[in-house]
Structures are given as structure tokens and as C-alpha cells.
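Look for chain A in each of the two complexes below; its partner is chain B in the first and chain C in the second.
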Partner chain A sequence: MRKQIKNSIFILATTIILSGCAEQKVLEDIGLITTVGYDPVGKKIMSTMVVMQINPEAPQKIDVISSDALTSKGGRIEGNLKASKALQSGQLRVALYNEKLAKRGIRPYVDTLARDPSISDLTYLGIVEGSTKELLKHQYKNIPDIGQQLYNQIEQLTEKEQISNATLQSVQQSYFSEGIDPILPLIIRDGETIRVSGNAIMRNDKMVGKLTVEESFFVKLIRDEYNAGSIELTFDLKDDKGKKHTVTAVIDTIKNSSGLDLIEKNVPSFDLELKIKGRLLEVQGAIDLMNPKNVNLLEREIRKKMKEEIVDTIEYCKKRNSDVFGFGEAYRSSVRHANLTKSQWHQKYKHIQYDLKVDFSLLRTGITE
Partner chain B sequence: MHVQQKIKPNYLVNAFLVFFVVHATQIGVGLQGFQRIIYRDAHQDAWISVLIAGLGTSILVFVIIKTLELYESSDIYGIHYDVYGFFFGRLFNAIYIFYVLICFFVVLRNYIEVIQAWVFPELSLWFLSLSIILLVVYGITSGIRSMVGIAFFSVTLSLWLLVFLVYPLQYARWDQMLPMMEADILSLLKGAYNMTFTMLGFEILYVIYPYIKEKKKVQKFAQFGLLFSTIIYVALMIVAIIYFSGMQLERTIWATLSLFKIVRLPFIERFEYVAITYWMLIILPNLIFYMWSACRGIKRMFNIEETKSVWFFSAIILIAVQFIVTRTQVNMINDYFAKFAFYVVVCYPFVLYATAWLRKRVSS
Partner chain C sequence: MFRKGNSKNHHINNNDNQETNLDSVLDSSSQLVDYLLQKCHQTSDLKILTISNLTLFFIDNQVNQSEFNLNIIRRLNNQTNYKIDDVINVISVGDIEKSSDISYALLSVLKGSVCIYTNGIQELILIKIPSNNNRSLSKPENESQVIGSQVGFNESLSTNVSLIRRSLATPDLKNEFYIIGRRTNTGVSVLYIEGLASNDLVQRMRERLSSIDIDGLLDSAELNQLINDNSLSIFPQMLLTERPDRVCHGLLNGKITVLVDGSPMAILCPLSFIEFFESKEDYNVRWPIASFVRLLRITAVFLSVFFTALYVAALTFHYEVIPQALLVPLGESRSRVPFPPLFEAILLEFIIELLREAGARLPTKVGQTMGIVGGIVIGTAAVQAGFTSNILIIIVALGALASFTTPSYTMGSLIRVIRFPILILAGFWGFYGIMFGFCFIMIHLLRLTTLGSPYMAPFYPPRFKDWVDSIVRLPFRFIYKRQALPRPADKQKYNPDEVN
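Then we have the complex of A and B:
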């Protein structure tokens, strides 16, 4: 009996003590930062925060606060001085960096996000062409909540495989990897809309170049093992009667695989083989697809065109010395005791050679011919 | 003090529960972040180190149970008396009690560190330690069968957490496992040595052995428990290697918890908070069995009831925890403890087996 009383006192004591002692965060009393943008202002940085308002009577759902400080977290402290509610970053969805800031290096700003346990690893990172403050503060006609818009847009594009996955985790993954550089989406305000204009390629944490949407498609083909969305290609084609057409075709990739193998390690040389299976979505130009010969010709030209474009893209990235394709990973994983470091690889990367094979096959041309 | 222990039949537990006891005491705070310590030495071959360590524990448990089998129904405290005599037996018992208390301390402090770093940075040390210790006291006062029951539920109720490893696998870069076997034997062994802290827990057999009904089956179920733990360790090591890039893994203090950061469910966006708080259930058997081992030691030496000594030890731990405040201190304690534990758990069982065997030889 005595033991039972003693035990029940334990349970009682623990439950009483355990309930409600930690710091409370009541939804109505906090401002949820959903998006944050960083711009350089001299030596300082300007943080712009999109804060969600949880108040049904508020005329606007969001509040945009800007403040400048030496660090990004300092910006949050500064920003808190302008907010009616305590700012919390647990719901941060998108972090944007000004292009100029990205050229100086985003490492400290990414590091602070990774260090904070309240920030999700699935936060999207992006680089803005121009000022992030301007992008976030602009009163868009059709966008009530810029934070939500950006998040949905990037998420949608990532899930549909239009752009490479650039979450906090994957950017860090590449940054800390010896043989691959991060790639981040480029975002631009285009009048009353927000547009993803391609990708920014990085050398370590510094932005060194821009890729168009088409070029990004090829990077994605090589870099990721997943599908790579659709692409529009324009090329010249001689049909079976010897007539010359300028054809624009839109291809949707159904299945693709890439093989990247090191064949020579002194001057790193690679065998790059791409296998793409796609379907034709649209074709512009007077070409008769009833004739199987023409389809074969179309395939051949697409193959040629793709190869050209891929070589151009690789050469551009080589010139910028940014290995967004992961050649270095192929090197590291097949050379024993290489003790590769990132800077060593960037030295080697400038001189790599590769043998590119593109195997494209058109599975079908839709439900009409 | 009697070397042999007679346990009333209603306090005995089935041999298959040894599986859960061994597994539950092995899995604990170490699992939250062992990956980077192993990776530092063995790099992408770290999983081989973990396998080696798993094999090592299997041998150790074999020796431990062989030692216990020399005596019919005794624990480490009784064996110490028998082998070393009255004075030295007490000395060794004191050292062993000290060891299990340090184990308790380290598990408790590391878990509190995780809570403070991830979930509640403002929550004070004394509050967290007091509430956890009260739970432990509650467990111990309810007796051996409840404690084994806690171990059983701790294992079965936390298995579902493993399912969520599928999420990080979506982002896996399998070529990070290559080139295989790049690390030399020495770094692999060093990695395995660094697993000590994580693999600990099976030494509970030294104390719980007399309470097991079918003593012949202990070896089998203990080995199964070890195997299961090793599988989990290797799986988590491999997932960490392919999910994080090398330098990133070295910077990630609690890699297992960080793996849960990628899990996003429609109704819980930040799954790691669930995992961290759920971890309490995983470490509870650790704490209970270590504390109970210490209390058993007191009971065997001075015949003081466990329900009394547990309060005394709890008070000591509660006070001691307050002195370790910063991360650097925690890391320092962990390092010293890992070295100490290596001697007690990895080296000592062989010595004890040899001396016990000799003792039996001489007396017969």
C-alpha cells in the first residue's frame, strides 16, 4: 500500500512538473517569417523578411520588414524592433540571395540556416537577379502573398523536375562534397510576375555564372538521375525528299539515364553517356511525320542538336570553373587514395576531357501522326 | 555475502526477453550521432568499422556469458567476491558501480544536451534531469519484471522510426560509398574502437543474469539482440554516408537526428521534433538498467534495498549533472568516458574470464 501511494506521487509530480514549463509560442503572438532575402549594403547586409500575419482582421496577410546588420541573424534582431510580434523563423520556406551577395559567397548565410535547429532542411534557396528587397516588397497585382507564391512556384518546378533540387540540404550536400558544385535557381521579377530564369552555377559558395533554362535542362540531365522535364529545340532538317526545313520541336523526356565514367586519371577524361527516351509534344515546320524515315531523321537531328548544346554548356561551366555536373564525384569515387580536395579538383577540372555520347529515341509522336 | 544468488521464481524473466534487454540498453544516445566519429577515421568505409565493432561485441558477449556460466546463478559482484576475495572484491565492485553510474550520467547528460540544442534551449538542466531521474526511480521501484517490460516496449514501440529512413534514401548519392575498402586496416580498427561508446549496453548481462529463467538460452538471445543492434547501426551508417557528403557529415553532430529533418508529413512538417522527444523512450531502459546495476551492487555488498539506494544515487547524479554545462564539457566527458568504458567493457571481460576460470580450476 505504501508503495502504491509513493508511486502515484511520482506520477503526479512528474506530470505536474512536465506540463507547461517550456517557453510558449502562441500562434497569435508570433510573426512567422516565411521568406527572407539578403542584399549587400556596403559591408553590411540588408535582410528583408516576409512575415505572415495571423490576424483575420488584418487588411494584408503579410508584412514585409527590412533591416540591415552585419550578419543575417543580426538582421532578424534588428527586424524584431520593427515588428509587433516576436519573429520566429521555424516556418521559413525560401531564402533568397542577391546576385551581388552570391558572387561574394553565400557560405555564412547558408551556414547560419543550417546551424539553427528551428530551420527546416527543406528550405529552398535561390538567387535573385537584382535586389531581393525590391522583389519581396513590390505590391504585385495578382499575388496576395509573395512568400507563399515563391514557395509554391519553386516547389512546383522542383517536383516537376524543371529545376534542380536546391533545398538547404542539397546545396550543403554539394558544397561540402569534393567533386560537385551547388546549383541554385535564378529568380527575377518580371513586371507583375515572378519568373525562374534559369540556374546560377557556383564555384564552392560563390556564384560564377548563369545558365539559361535550356542549359539548365542539360545540366539536370547529367547531374540528376531523375527525369528532366521538357525542352524546346530548334534545328535544321533535311527531310527524305531532300527538302530543308527549320524545325522547332518540343520534347518531353520520359526516361533518361546518364553514365559518367572515368577512363583516364592523369588528365581526367570521362565517358559521358546519356540515354534519353522522349515523346514529341509539338513540332513546328512542314515535316511529314507519317513517313518513318522522317521520324528517324528527326531523331538524328535532335541527337545532334542536343550534343551540340550539351558540349556548349559543359564548355561554359568549364570556363567558369564550376563543376555542377559532378565530374569530380566520378573522379573521386573511382580513383583510390586520391585524397581529393575541392581546390585540387577545380585545378584539374579546367583541363578535363570527355567523350560524349547521346542516345536519343523518340518513343511516340502523340496520338496523331 | 553469498556468491550464488537465489532468486524467487516469481522474479525470474523469460530468456527471450534478453533479446530486448540487450538491444534496448545498446541503442541509446550514441545512436543519435555516432556516424561522424566513425567517418572521421574510416571515411566511406565507416560501415565496415561498424561491422567490425558488431563482431567484437558478439565475441565480448560470448566471453561474458561464458564467465557467468562458470557460476550457476551469480552476477559480476558475486564473481568479484569469489575471485578477488573480500577486500579486492569490494574494490572491484566499487569500480564497477562507479562505471555504471558514469554510464548513467553520460547517457542522461547527452540526452539533455540534445533536448537543449534542438527543442528547448531555455529549459534548465536541473528541471530536465530531475524529471528524467524521477521516471527512472519510478521504474526501479516497480521491480525487475516491469523494467524488462519497459525494455520490451522501448524496442517494439520505436521500431516504426526506422521506416522514416526511406525519406533520406530518396536523396541518396550511392557513389559516395565508392571507392570501397580505401581505408587501411588501422583506420578501420580505429573507427571500430570509436564505436565503443555507441555499442555499450550489453554488459547489463553481468547483473541481470541471475534473473533469467532458462540460463542455457541466454547466449542465443543475447547474440540475436546484438545482431539486431548491429544491423541498425550499419544501416544508419550507410544511410548517413550516402545522404551527407563527407565534410558535411563530419560537421553534423547528430547525424541520425538530421536524417529525420528531411521527413515531412502532411500533418507534421518537422518530424525531427517527434523523433527527438520520442528518443526518451529509447534511452529510458538505458538509464533504468544502469541505475539498477548500481543499486544491485549496493544490495549485494551491504544488503541495502534498491528502493533506498536509488534515492542516494539519484541525488548524487542530480548534483553532478549541474556542473557540466557547456558543449565542450559534454564532449570532454564523453571522450574520457569512452576511454574508461573501453577498458571496463572491452578489455576487462577477458581478464575476468581468465581469472574466474583459474579460480574454478584451483578450487576443484
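Then we have the complex of A and C:
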């Protein structure tokens, strides 16, 4: 018994003495980078870091540091020269890329984030129209902490399904899948506010085009299985008395499902079927919704309008050769031994054909029913 | 540690080496008087009285004076030549016995008997009239409960046994009596229900008790440590309880209880780890409430042991895991504190322990001062002075509060102690250290036994049937089986179909 105790004390003591202590990163002694932006400067990259100030006496909640280097991590080392506390990126929430940089490819800058074990996989990525430095450095009147503002804004938009989920994890997933391309939110400074202006569509890691918020909605309809927020549509409508109206309707999708099936594999042709159930939130224009005939007409017109818009969006993406809808995934899952590579699929994607069916029904038009 | 391999005569562990018999001592009263005076070293409270041909011996304050006068002295005054049966007929005390064993008689006298020697006759009469200097029955101080019986054990073994017998009026309830302690000769009772308790376990308990060779035994808490499976462990393996209803509930489940004369605590065993977090009240309230309370207590254990450690680890090593909303408040409250998180946390935990220990030792009259000192001086002033962060105060207070939810006091104090090593591990190695500490404790727990049965049952070995009455307490129709831990001879409590 005594020997056993002696042994265990000996082992415990040696483990403690020989292993030493882990590297300490005490919260108040480190500079927490919450947001980072990358801009191209010639061959170099300008990194702009929003560093959280946790001193209650500090005049400002954040400190924005810019530095240029050849790599993003080099930027952090350079930036450290300007900081009072060692910069650490474990609390990084948002990473932004300049549009110009995104057109050259964001792969190396996303990869370094993914490799760092301290960086969360749920970090949001975004593309800025214009300079990220200018967006982050600007002294906003009503925004005390630009880092927190960006994070909260992107998070609420993602949760409310207004933009596609663009976390580090999901972007990486789309990037590494052969049959789908990533889609990132587009952010722009609009005076004293920050606005999400739509989505950037990518071919592999390069930005090739922009979608408006409305177009992004249709991408979400096809790409994601779950409900896709609400949308405003304007179209012409003939009511049951033959009177013509220009109607603007706001529709909230309650449930949607999309079916994407390959029907021909040589020249890839798809059957794309969308089933959307929605409710009418608002309608502009003098139509009598008490009349069920009008509701049916409304449904038909919405269906038609949606179909048009979706075709436009798909055609645009086809032209830009960016498969943000995931046609390739459907192809890959139905063709055996396809051994699809990214470039092969992009070759095929340019020529795909599809047969679109939109099944839209209004579940409710309001409480007056 | 105090156990010996071979069992020896457990009836009386008296250390007199000459085996006295009647032939040498009981021949005449003068010889007996000499013997007793020599044996008791002429102690002044050994009284010797002679009435005609009778000699009475007793210890002055050990016998009940009024009973002694009324039932013995008064009745013995009118005859000249008593025979032994005359004495027994005359005396109106129920607890009367004859013995020819002089050392047994002496022990009996020490515990409050009057010994009567009839001149020339080789037998002694022992009349038990112990002075009744017991505390009256009162509420259990350390294990109070809202619904249920409000009586606790007191210091008298016979009262305690009778409290149990009152609830378990069955001829199967068996009482085995032992005397332990070379100098104290403390009476110890082992109670179990014959036909319910496993014979193996009872035999194991007998062996453990009879192999104890110790000079003094004053409390059941001491005995508890002597008959433990692992006396070096920090974990209690047998329950100490002052509630008769808890004991009866255990006995009905095939457990064994040990009572010690002079101690208001009963030992209940075998008891698994999870049962230390159960209380008798769980059966008195409705099942959803009982289940909720049990889950609450188990959560409280984890909270109490790991919460402060997690705070220290997150602030020292893993700033990544702090949620964004907490980052600013945490950082701001920490930025005024001059110490590293580990030191800060140990300091505050130490203060809380000081408060608790002082609260337990303080006389009740000045007890209120503790609240003021603890609440205002340490709570508010420490934060304002930049001594600790206010978030840590909340965490430490929560941990302390959580540790008091455990119904067993020994288990509760253990939880408070075990926090410190975990805290230090967290301060040196972060989450890795916490995990190391957790694994260390788990390995130890899994190796522990309680009276030879696995301590971590019903989780390991997995006995899913016992889960219905461990972390939760399901309605009575589902808990009709006795738990497997004490290996009861009769496995089913009742027919579930006939219970609503």
C-alpha cells in the first residue's frame, strides 16, 4: 500500500514537473481580433484588423489596425508591431475580402483561416464592394463597434434566411465539392450604414458575378431545402372582371421543397421542380381578395413571375459559369463512376438544359378570410 | 488499516488476562469486594451496600436513583436470609438476569446495572436500571426535510433501535449485538431484515466488525471509517444518516445498518455513489418533482466541481470558447483585477470556505454577523476594491450553493474539497487539466466498492433496470424491483399490477 502511494506521488510529481505549463493566453492580456478585412495592394495584401478594446476606460471600444505583408498571417505579425497587446485571432467572427481580391481568388486566405485551430468554423465570410479598409476604418455615427455590427448583421440575415449561409465551414464545403460553387454575401458601406447588397457568386474560389437580393432569393429556393424568407414581386394581373392591374405582392414562404433530377446525362438535362407554399403578407393594387377567383389568378401570376425570374437567374449564372445551385451535385449523385472534376463540370455546366416547374400555392391571404 | 485477518472472540474484548471464575471470587462477599475494588482501582463512585446476606454493587451516577430506592432498596428491607429466587421475586424491575460471569457482570455494572450477590451462592443477579440521561428526541439537524417524519436518532442505542422497530414491526428484523473498543466497550448493533438482506453481505459485515481491534470507539462516524472498503479514498462508501425513515427505507431494500451506542448517526450500507444524492423525501413527493430534484442535485454536483474550473481555464487558455456576448463584460470585470485568474479563483473559493467553516463553528448568537461579513464586506467590497471580478463572485457563490444541495453532509463537504485540485489543474493545463482530473476521479470511482459491491452501479456495471430509481424517481408501479446492488434475497417489492 505504502509503496503504491509513493509510486503514484512520484508519477504525479514527474508529470507536473516535466510537462510544465501550457502557454497562457489570459483574456485581458491579448488583443482580440474580431473582424479582419483583406485588400490587394499590388502584390502585397493589406490586412485590416478590428481589435476589441476591453479596457472600460478606453475612449473607443475598438482599435482598427492596418498593415501590409505578402500573406495574411504576415499581416498579423506586422500588425502586432502597432498593438499594445499580442494579437490573437481566436475570437474572429467575420472575415471580409475586397472584391478585387475575390476576383483573383480567395483560396489562400480562406485556407489559412481553416487551418488555424483557434479560429471557429462558424466564422462568417463576406465580400466587400470596394475597400475593406475603408469600410472597417470609417467612423460610423451610430455604430460603436463595427466588428460586432457586422457579425450581428450577417448572423441575423442568415438566421432569417435572407442570405445564404456563408460560414467558413459551408464555404469550404462548397469549394471542395465538385458539383457546387460557393456563394458569399456582398457587403457595401452606404454612407453611415452597412448594407448587404446581394450575393457574390463564385467559380471555385474566384468571384465571377453578383446577384441582387431578389435573385439570391431564388438561388436559396433551389440550393437550400428549408424555407427561404420572404420576397417582393411586381407583375401585371388581369382580375376576374378583366381589369388590368400592376400588382406588387410580398410573399412569405412557409415551406418549400426543390426536386432536382437528372434526366439526360450526355448533355446534362435536369428536371427542376419547386414546390412553394406561402402566405401573402401585403399586396399593392386594387384587387378583391375576397373573391377566390382572384386568389387563383394571383397564384397563377406569381407562379409565372417566379418562373421568369428563376430562369433569368439560372441563365445569368450559366453565363458566368458558376454553379451555385448545385446542379453538379445532382449530376454526380445520379451518374455512376462519373469521376467528375471541377473543371470537367464547369465545361458541362455551360450547356446544361433544364425543365423548370414551379408549383406555388397561397395558404393564407390574411386574417380577413 | 485496523482490520486483522483472523477473527477473534468478539463478544467481549476485555483486556483482563486472568480468566476469573466463580470458584475463586464468589466464595464470600469479602473476596468479591476485594476483587471489585482492585479491578476498579478503588474508584470512589463504586458503591457497595450490604443488606442482610446480600451485597449490592453499582456505580453511583450510572443507575437511576429513584428507581433504585423505590424498586430495590425498599423491597429488600424486610427479610433476614434471602435466597436468590426471593430476590428476583421481590424486585419489580423487568430487566433482570442471572449471570455467573464476573467480567460480564462488571461490564454491566459499568453500563448502569445493580449487581446483587447472595452470600455463598455462585450466581450474580444483574438488574438493569441505567440513569436516563439521554437527550430527548428532536428534529434531525443536518438532514431536514419538508414532507415526512421529523424525528432523528439520539445518542441512546436502545432508543435508536426502538425507533427503527417502530417502523419495521416484523419478526424478520434482526439485531446482532457487538461490543467494540478495548477501553470503551461500546455497544454496536447490526440490523437487517432476515430474508431480504443478502447473507454474504451480512457475513462480510460480521467479519469486518469482529476483526476491529481498537482501544476506543466513540462515534459511528469513526466506525464507518474502520469498516470502509477503501479507507484512503476521499469518497464515503457508507452513508451516515440521522434519519430513522432513511434507515428503514434502506433496510426494506435489503441493506444493512449499523448503530453505535452514543452516536446519533446510523451507518447504512452498501450504498452506491448515486444514492448519496437521494433522500427519503424523494419518495414522499410526487414523482415528477422527485425526478426534477434529483436531476437538479446531480447538475449541482457538476456545476459545483467544474464551473469555477471552467471559468479559470477559459480565461487563462481558451479565450476562443467565450461567447461573443460575454466577451466584453468578462473582459471589463477582469481588467481591474491584478491577479491571474487561477489565483483570483483560489482566493475567492478560500474565502467562501472560510465563511462556511466559520459559520459551522460560530455560536448561534453571533451567527448573524457572518451573513453581514460574508455578504457585504466580502461580496461587494472585494469587487469595488478590484480584488476579484464580480462574474467570478457569482460563479463561486453558485458553486458553493450547489454543493449544499447534496442530502449527505459527508458527500457535500467532499464536493467542496475536490474543487480545489480541479481548479489548480485547470489553472495549469486548461481544459486538458480538467479532463485529466475528471478521468482521475472517474477511474478511482469505478474501482471503488461499497461492502464489496460496485460503487458506480447502476451506471457501471450497467444495470438499466435500476435507472428508474436513481437519477430519476419514476412512479411506484415502475419501481417495484429492489435494486441489484445489495443483492437482495427477495428481488420484487410488490406486484406492480396491484399498485396504482
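Here are some notes:
Definition applied: the second predicted complex is superposed on the first by the 353 of 369 C-alpha atoms of A that agree within 3 Å, B and C clash if a C-alpha of one lies under 4 Å from a C-alpha of the other, contacts with A are read in each partner's own complex, and residues count from 1 in each chain.
Going forward, contacts are C-beta pairs under 8 Å (C-beta built on N, C-alpha and C of every residue); 3 or more make two chains touch, one makes a residue touch a chain.
Just so you know, these numbers come straight off a predicted model, no measurement behind them.
By the touch criterion defined above, A:Q173 reaches chain B but does not reach chain C. After overlaying the two complexes on the shared chain, residue contacts for A:I11 are found with chain B alone; chain C is out of touch.
By the touch criterion stated above, A:K3 is placed in contact with chain B alone, chain C being left untouched. Within the superposed three-chain model, A:S120 lies in touch with chain B and with chain C [touch as defined at top].
Of the two partner chains, chain B and chain C are each touched by A:G90.
By the touch criterion defined above, A:I65 lies against neither chain B nor chain C after alignment on the C-alpha atoms of chain A. Once the two complexes are overlaid on the shared chain, A:V335 sits against chain B while remaining clear of chain C. The interface of chain A with chain B overlaps its interface with chain C at residues 21-23, 90, 120. Within the complex formed with chain A, the chain B residues making contact are 117-120, 122-123, 127, 130-131, 134-135, 137-138, 141-142, 171, 173, 175-176, 178-179, 182, 243-248, 251, 258, 261-262, 264, 269-270, 272. Within the complex formed with chain A, the chain C residues making contact are 232, 314-320, 322, 324, 327-328, 330-332, 334-336, 340-341, 428-430, 432.
Across the complex, chain B is touched by residues 3, 6-7, 10-11, 13-14, 17-18, 21-23, 90, 117, 120-122, 165, 169-170, 172-178, 329-330, 333-337 of chain A. Taken in their complex, chain A has these residues touching chain C: 1, 5, 16, 19, 21-28, 30, 32, 34, 52, 54-56, 61, 88, 90-91, 93, 118-120, 148, 151.
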